[in-house]
Amino acid sequence: MDRLTLVKRILGLAVLIVALGFPLIVTQPTMVNFAILILMAAQLGVAWNILGGYAGQVSLGHAVFYGIGAYTSSVLAAKFGLSPWLGMLAGGAIASGFALLIGWPCFRLKGHYFAMATLAIAAIVEVLVTNWDYVEGAIGIYLPMTNSGWAGMVFTRSKTPYFYIALGLLLLSLLVSRILQKSYIGYYFRAIKEDPDAARSLGINLARYKLVAIAASAFLTAMGGTLYAQKELFIDPGSVLAGSLSIKIALIAILGGVGTLFGPVVGALVLIAIEEFTRQIFGSTGMGTDMIIYGGIIVIIAMFSPGGIAGLLGEWERAWRARRKLVYTPPGDGI
Amino acid sequence: MTHLTMTMLAQTIVSGLMIGLIYALIAVGLTLIFGVMDIVNFAHGEFLMLGMYASFWGASLFFLDPLFTLPLTALMLFAVGVLVYRLVIRRILAAPMLSQIFATFGMMILLRGLAQFLWKPDHRTVPHALVEGKITLFGLQLGTPQLTASLGAVLVTGGLWWFLNRTRLGTALEATSIDREAATLMGINSERMFALAWGIGAACAGIAGALLSTYFPIFPEVGADFILVAFVVVVLGGFGSVAGAFWAGIIVGEVEVLGGFFVGPAYKNALVLSLFLLVLLFRPRGLMGKA
Amino acid sequence: MTHAPLLAVEGLHMMFGGLVANRDISFSVGEGQIIGLIGPNGAGKTTLFNCLAGYYRPSAGTIRFNGVAVGGQTPEEAARRGIARTFQIVRIFPEMTVLENVMVGAMLRTKKVAAARAAAENELVFIGLDHRSDVKAAQLTVSEQKRLEVARALATHPRLILLDEVMAGLTPTEVREASQMVVRIRDRGISSIIVEHVMEGIMPISNRIIVLDAGVKIAEDAPAAIARNPAVIAAYLGE
């Protein structure tokens, strides 16, 4: 292990310890809430990244999985009194199933077409749910607050437990990402992303691995949806199925760096910070300053650093390593 | 079917035609850009939004009707399109698809944000529009602004078709769209053609915005209402086909209003989007698209 | 040889719309053979490769590999059965390292990453790219990228490898090295079909040469005889 890797490991451990102790040190509810927002955003970015970043299938409709998660657990809790913990798993399973269902036909589409199809599917589902009386349509679902405590995943006095649930979900998502990334599946994802035809020549069944990616991504995204529902105790199509939410989920990963483990975490930090910062400075989100800033950042990243913030850091790391030990590069072969 | 429902149905079909023609005009710009350079412009709805605001400010500051300022709006949007091409698109032509999606996507968010910042998120309407009210034609009540707008859309779309097929510059653009390399070999400057496609594409969206501004609320996110429909039209018509977009625009307009009529207004968008998915999955090259 | 050949193609037709790219092509490849496939541009060589490797479904005719009819197979099935290929215009995974590129190939036979890495390292030594393992594939020279593609294909443990113009653009020394590489691949028991314009690269090593012209097989013979074949000379002069 070289020095930089060691430094990174220590830094990672330090961040984790700080994160674990954060609500104990910082007790202002606004700060805790701010931290929860970052963790939740990061978790969604990490989940999106499995499909959009590693496997290279850009989804602009991830809110549909988030919404399925939120609605499944909420309906089960509100109508059948089922524990949201089980609801979370049920939501994940249904979201995965739905992902496989739409993935099967849509994965035949390439690039721009796939992105547009996901956009359309999410919009259709939003319309359908808005007009579906069983799930209270446009009115939305209020969750029962009676079952306060860990069993019911409802915390009314302090938001701190939500912090730990969000952190747990984020760590779980990172773990899943990491396991996939390090296994042959991760290599296959990258191969499919970089050159699908070449990947096929090596025996890779494109559809199968894209379906693995979308199922895993949908499951984790849906879990995030359940957490949101439990934290807010109210959901409606506008809050968990909106097109703008799909965009935001994609943005988190893009901003931080697609296809990297911690990129989305960095992206969430920056994105939520920008949102909160502009809210502080300009008073409200209605001003559009947050959109100007992150719209501008996306354009700049797309133009100059497709790897996002993590991509930039990676470049610096490579430059640093190159300075440390001059990597042997033989002279060109004269082509 | 009673006489009344027959009239209502006819009314519905005509209003579908009218909105469909506007959809066609928005979509031809999008399809032109895609045809020429294989890039989907997610910010196309925002060009429309800018066209609407240009009309609005012309009307409320200088008391000029959107129909009078329309040529100026078109020119402004042409300039915006060329500028966007020069500043952003030119640099991502060879970039991975992901970067291309995000570049126009980021622009969409940026322009929405700018509009919110500069002009507030309020819904606005053009004061004292020149064409107002309704006229009765063959027993059907038609909104005059809607009728004017759809006629304008037909003229502009037809004009664009004429330009692409009957003028030297237009054929050069069309040639670039069919085979970029061959066009370059024939001495066509593809850089110039790309800029032209963005200019014309944005101008079409701007004109559509100006035409809509007389009867549609104007707000920063208005583009979102139209971009998905425009995608549907482009896909249905076939990426890159102006004539295809024209007919597809009408089809989508009809599906929307007839869906609203028979199934319920709440589901009209879902129906249009389902049509979109069906086309994407079963006939990805659309009605008149290149293979 | 008494048993069935490794690859047997019979009456293969490939049409695109009204255009015939391959017409009634028949030939076979035995175990451990090197077959040269030549012909003017547009003769249908790459189309034939795409049929063999599962990228196109032949319009008519049969392809038997190892005794099994494989006409309508997908590329991934072809790879699993032991038909590997390279591409005329190199298709490496540019953002992956050289080693990772080859590992993806090796993962066809082992899903264990460590085992795939070991197998990939061996292939890189075999192909002479081991000193470039940790470099991003995009940073290789074109000739190195071509070798990388071969290593990646070999890592799938093929019984037949389809090499599409691996010698194009190489210097005379490199062409000689590439020829020796094909021979060493043969020595591992892997048959190959080589599409090539560089005659001095394949003439000395091929068991037989097949010549395509305008989608039709016009000759199949030993290299020395092909060079004297009037039909072949006519096809090339007519180019």
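As written, the chain order gives the labels A, B and C, with residue 1 at the start of each chain.
In this section, a contact is a pair of C-beta atoms (placed from the backbone, for glycine too) under 8 Å apart; a residue touches a chain by one contact, two chains touch by 3 or more.
Predicted model, so just to flag it, every value in this text is computed and none were measured.
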Query raised in the report: Most C-beta contact pairs, which chains?
Result: A-B
Query - Chain whose Cα centroid lies at the greatest distance from that of subunit C - result: B
Query - Inter-centroid spacing, subunit C versus subunit A (mean Cα positions, whole Å) - result: 42
Query raised in the report: Using mean CA coordinates as chain centres, what's the subunit A-subunit B distance in Å?
Result: 32
**Report entry** Cα-centroid distance, subunit B relative to subunit C, in whole angstrom
**Finding:** 48
Query raised in the report: Touching subunit A in the complex: which residues of subunit B?
Result: 40, 88, 91-92, 95-103, 105-117, 120-121, 220, 224, 228, 231-232, 235, 264, 266-267, 269-270, 273-274, 276-277, 280-281, 284
Report task. Spell out the part of subunit A that touches subunit C in their complex, as residue ranges. Result -> 182-184, 187-188, 190-191, 194-195, 197-206, 327-330, 332-335
**Report entry** Complex interface listing, subunit A residues touching subunit B
**Finding:** 56, 58, 60, 105-106, 108-109, 111-113, 115-117, 119-121, 123-124, 127-128, 130-131, 243, 247, 254, 258, 286-303, 306
**Report entry** subunit C residues within the subunit A interface of the complex
**Finding:** 53-55, 74-76, 78-80, 84-85, 87, 91-96, 100, 103-105, 107-108, 111-113, 116, 131-132, 134-135, 141-144, 152-153, 156, 169-171, 174
